[in-house]
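Multiple structures are listed underneath, in structure tokens.
Common to both upcoming complexes is subunit A, partnered first by subunit B, then by subunit C.
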Partner chain A sequence: MKHLTEYRDPEQVDHYVQELHRTVTKPWTVMEVCGGQTHSLVKNGILNLLPDAIRMVHGPGCPVCVTPVHLIDKAVYLAEEKGVMLCSFGDMIRVPGSKKSLLEAKASGADVRILYSPLEAVRLARENPDRDVVFFAVGFETTAPANALSVVHAQQLGLKNYSILASHVLVPPAMEAVMNDPDTNIQGFLAAGHVCTIMGISEYAPLVERYKLPIVVTGFEPVDLLHGILMTVRQLERGEYKLENQYTRVVRPEGNPDAQQVINQVFTVVDREWRGIGNIPQSGWEVRPELADFDANRKFSVQIEKVPECADCIAGLVLKGIKKPFECSQFGTNCNPERPLGAPMVSSEGACAAYYHFAAVDLVHA
Partner chain B sequence: MNLTCPMPKLDFDVITLGHGSGGILTNKLLNAGVFDLLKNPFLDTHHDGAILELTGKTAFTTDSYVISPVFFPGGNIGELAVNGTVNDLAMCGAVPKYLSLSFILEEGLTMTEFWDVLVSIKTAADRAGVQIVTGDTKVVERGKGDKIFINTAGVGTVHPKADISVGRIQPGDKLIVSGNIATHGMAIMSVREGLEFETTLQSDTAPLNHTVRALLDEFGPAIHLLRDPTRGGVATVLNEIARDKNSPVRIGINLKQSELPILEEVFGACELLGLDPLYVANEGVFLAIVAADVADRFVGMLQTLDYGESAAIIGEITIEHPGQVVLTSRIGGRRVVSMLVGEQLPRIC
Partner chain C sequence: MCLAIPGKIKSIGYQYNGLVRMAQVSFGGITKEASLDMVPHAEIGDYVLVHVGVAITVVDEEEARKSFQYLAEIGELDELLESCQTDRQLMERQPLNHLVA
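Take a look at the complex of A and B:
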């Protein structure tokens, strides 16, 4: 708890806010990549403490948001038609598929379980040998080690009834996709601290060089975020571009080699479709072919029709930081967390939902 | 406070469909203990209903209890069903008097479990000073219930000095919370399947009627509104108040995060699970909106009463942003506190 109060200390916050006001001399656009950071910025009211010249735009880093609709349809199908025990993290189960969400499938009798850890799902598989247990393995690099470990455990236990429905996405290719968009105006990035805890920071150095912009690996608490923004803005004001690490108390440069090892043991890099953005080359992980028995995608061969994105939704522009949520004509009217039209509204870490739930009055109506 | 009532000797140890049939088994179930345990002149008549004498303004409320798990750290569904209805009456400014008690039992519930629930109903009713005057028992097939569902309804006489309604809220009024928030919800969460985490957290379920009565005696009409933020937590109730069309003045609410009383353990568990304590359920906690000039004295007195020691002023009523609840965060940022869509679910990361 000490850490929580320490990194939410109003005096520290004030110090960084004052320092930002002293440092900034011209407008800058900075993207925080991770949905957790978006959530924290909005929930703590940090956006309206920043100098007007600093424009924060919100990146594609909410794994729940970018999970393609047809994968949710597949999870629903497995739960309803194949009678599997479908286990998932909590925030995934409310996301609407093309026909229904996992929550609605649960209400109509499907066996859908909310878990905190995929290892719990392995336990369920062991305790229910006559049932197929599928874990909906959604997430960025952060959740991948635990999901991979569940496969390793299941293999060691000789379980034949456990598999994962993997929808893993990777941060660096998404940052490239954002920067490769000709309409982008991003001048600096806050990289996602927890992703770097696993993967280390070296994979961001080539991006700094290629796009000539600062990337600062940043944490999630108010003091972390303001410090990360300050480090980015200082570089921008000086005309520098470097890879820096604000989150040194958690992120080691090399990341977590053990976690990387278990990821590599289970997953292989593939092209991946991102809801709201489209296909991004080499931007995801799927289960290695030799572990096909633990891959729900291969184990239950089922063709799910892809559904087109809603034409009125500007999710792609929001996810790439080109538009703000309230610049969308559908925001808060036809599109809300109850009936989301697109990716950033489906989970509370999506930019649109974060604005919808938390945004300061003057920000929403600005 | 726990009663030690030994379970009567019975020739069955689980509830079966027959216990809800109205026949011999039902009679055995009731006579073997329920009536004796909850004994009072109204129940003793064994009539179809209770005949009550009430004078003056009367408050009437009902609630159903479907909590899972039925037994949780710090209590069980029985005392929750009594306290919940007692508190709803207290929030109306009433002195709770009589409760009805209806069970929907699932076949297979053990008699020991049922007895434990009954004993805690008796204990809670005594503590609150209310009588259970009528009731019903039904049994549903296994799989069609979740062990035990309870409905209680209650009546109480409105305190002569009470004048409580949304319409009485004035800009400038202070918002007070009587105790630590989110304790009950997190205690329940800690024992839910798949989410278990180790904690010594206990539900704060409690009857608030004696405390509220003492405050009404002292402050009377200066208390403009009382609400218990059970389901949906503090945020939901505050949004309901801010959006209430019955209020003649369109009001908004300012909330100060730094003033919200919360146990460190609860705060930590919420952080860990990615839940916002403002949306987590409470039991032995109420919100009061009172005239500004009595607010400090109100909190001072509340802190000396049962279940009120952590009471604090957490916000105030404003006309600045009608219909909205706006929170000033611990670090000084401001944001809207919105209505929750559906159940609050744990987040991925």
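Take a look at the complex of A and C:
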């Protein structure tokens, strides 16, 4: 597959690995923000190829992981009590709510549908005019255009039975939250490539200046990741801090203005609660008040009680890169993908799931 | 969740009575539908990056080619920097009057 397989070429990977070994002289700690990058690093064995001096820590870029428990409870309630057709990305349905997951609700008879795209949910709403269709719209900036577009399409089609339950979060405020934590030891960031495809790169320049560390916008394939790590480490070794873009084939400096326009048409920036991390000011999007008919939060006024997180789960520390998944006492024992205590163990972007499924034993016990 | 895959546009059509521009996109032989709302200028033959059924950008072929030149470029750059440093070290070791004399 063009634009994909060439970035998995073992020879290219080897060139980058050798260059990294030649470059690094001191220990450095670098965070990859996006959970997709975490999975690629672990699944492709890249962590094993890096020089020992380079320590990769895994960031909060897993939208499923940071979706608050009470929103999952709300989705379950809408499916079970309000009789809606509750549509979701597959990633979300195994995540435990306070009482059950969407998968468990589905097993007990609720109409929960796993979809690939929110646009399919619009189609379902059109085909089922007598049913209320709700799409559980989780995601970072990458997914926001698709979720927003579903609302635009539903509005254009005059649908009255479609709404989204939005749990949208933003990367730059999360990076600030990570850096403001007194326990952080991050010296450089790989910024999430596809988020920047939408938003561009300019919002990271102030972070580079404020925290005086390199930020390199990076892709997801092995060659991309090694290239991004090399660009970061070269800066660190020279005592530099700059914003750089490794992923130029899909990330333009200005992002995608058409996508930003649709996002702004549907969403407005608000404070958001992040599961495991807490409230982060101005860190997410919700549906604009004038589009309340398409906002499941407003359309179905349900009061869901907020419940405390599982005391044994250290998801918050894992999401901020302070602890590695295998440093959790519950990892792989009381917490596994079949019976997860926290979301990072079930999401396809969760760091705990990455280590559970793909990490070699020596990596886990390193 | 932020997974996005590049695929080639095979054909372009319309949905909902012309409201939505949709493409058939081939991913190494598997064809799926993707909205072109976010890439209004995309044409048949372009590679687009598709995320949850929406094409979010057109892959820049020139930049894709360039990304494989990075190692060669930094190799040349490092050689240049090293030679500059060597020149400087020589200058420092040998006082100018020596060169003038």
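Please note the rule applied: the second predicted complex is superposed on the first by the 365 of 366 C-alpha atoms of A that agree within 3 Å, B and C clash if a C-alpha of one lies under 4 Å from a C-alpha of the other, contacts with A are read in each partner's own complex, and residues count from 1 in each chain.
Just so it is clear, a contact is a pair of C-beta atoms (placed from the backbone, for glycine too) under 8 Å apart; a residue touches a chain by one contact, two chains touch by 3 or more.
What you see is a predicted model; the values in this text were computed from it and never measured.
When the shared chain is aligned, subunit B comes close enough to touch A:V42, but subunit C does not.
When the two complexes are overlaid on their common chain A, residue A:Q156 makes contact with subunit C while staying clear of subunit B.
Residue contacts after overlaying the shared chain place A:S348 against subunit B and subunit C alike.
When the shared chain is aligned, subunit B comes close enough to touch A:P222, but subunit C does not.
Judged by the touch definition given at the top, the superposed model places A:V13 against subunit B, while subunit C stays out of reach. When the two structures are aligned on the shared chain, A:A311 is found in touch with neither subunit B nor subunit C.
Once chain A of one complex is fitted onto chain A of the other, the partner contacts of A:P63 extend to both subunit B and subunit C.
Judged by the touch definition given at the top, the superposed model places A:F89 against both subunit B and subunit C.
When the two complexes are overlaid on their common chain A, residue A:H194 makes contact with subunit B and with subunit C alike.
Overlap of the subunit B and subunit C contact sets on subunit A: residues 1, 4, 36, 63-64, 89, 91, 116, 120, 138-140, 142-143, 194, 347-349.
Those residues of subunit B that touch subunit A in the shared complex are 193-195, 264, 267-268, 271, 273-274, 276, 321, 324, 326-338, 341-342, 345-349. Residue ranges on subunit A touching subunit B, taken from their complex, read 1, 4, 8-10, 13-14, 36, 42-49, 63-64, 89-94, 103, 113-116, 120, 138-140, 142-143, 194, 222, 336-338, 347-349, 356-361, 364.
Taken in their complex, subunit C has these residues touching subunit A: 1-8, 16, 19-20, 27-28, 35, 37-40, 47, 49, 51-54, 56-57, 59-61, 63-64, 66-68, 70-71, 74.
Taken together, the subunit A residues at the contact with subunit C in this complex read 1-4, 6, 12, 15-16, 19, 34-36, 61-64, 89, 91, 116-120, 138-140, 142-143, 145-146, 149, 153, 156-157, 192, 194-195, 197-198, 220, 227, 234, 246, 248-250, 252, 256, 258-259, 262, 347-349.
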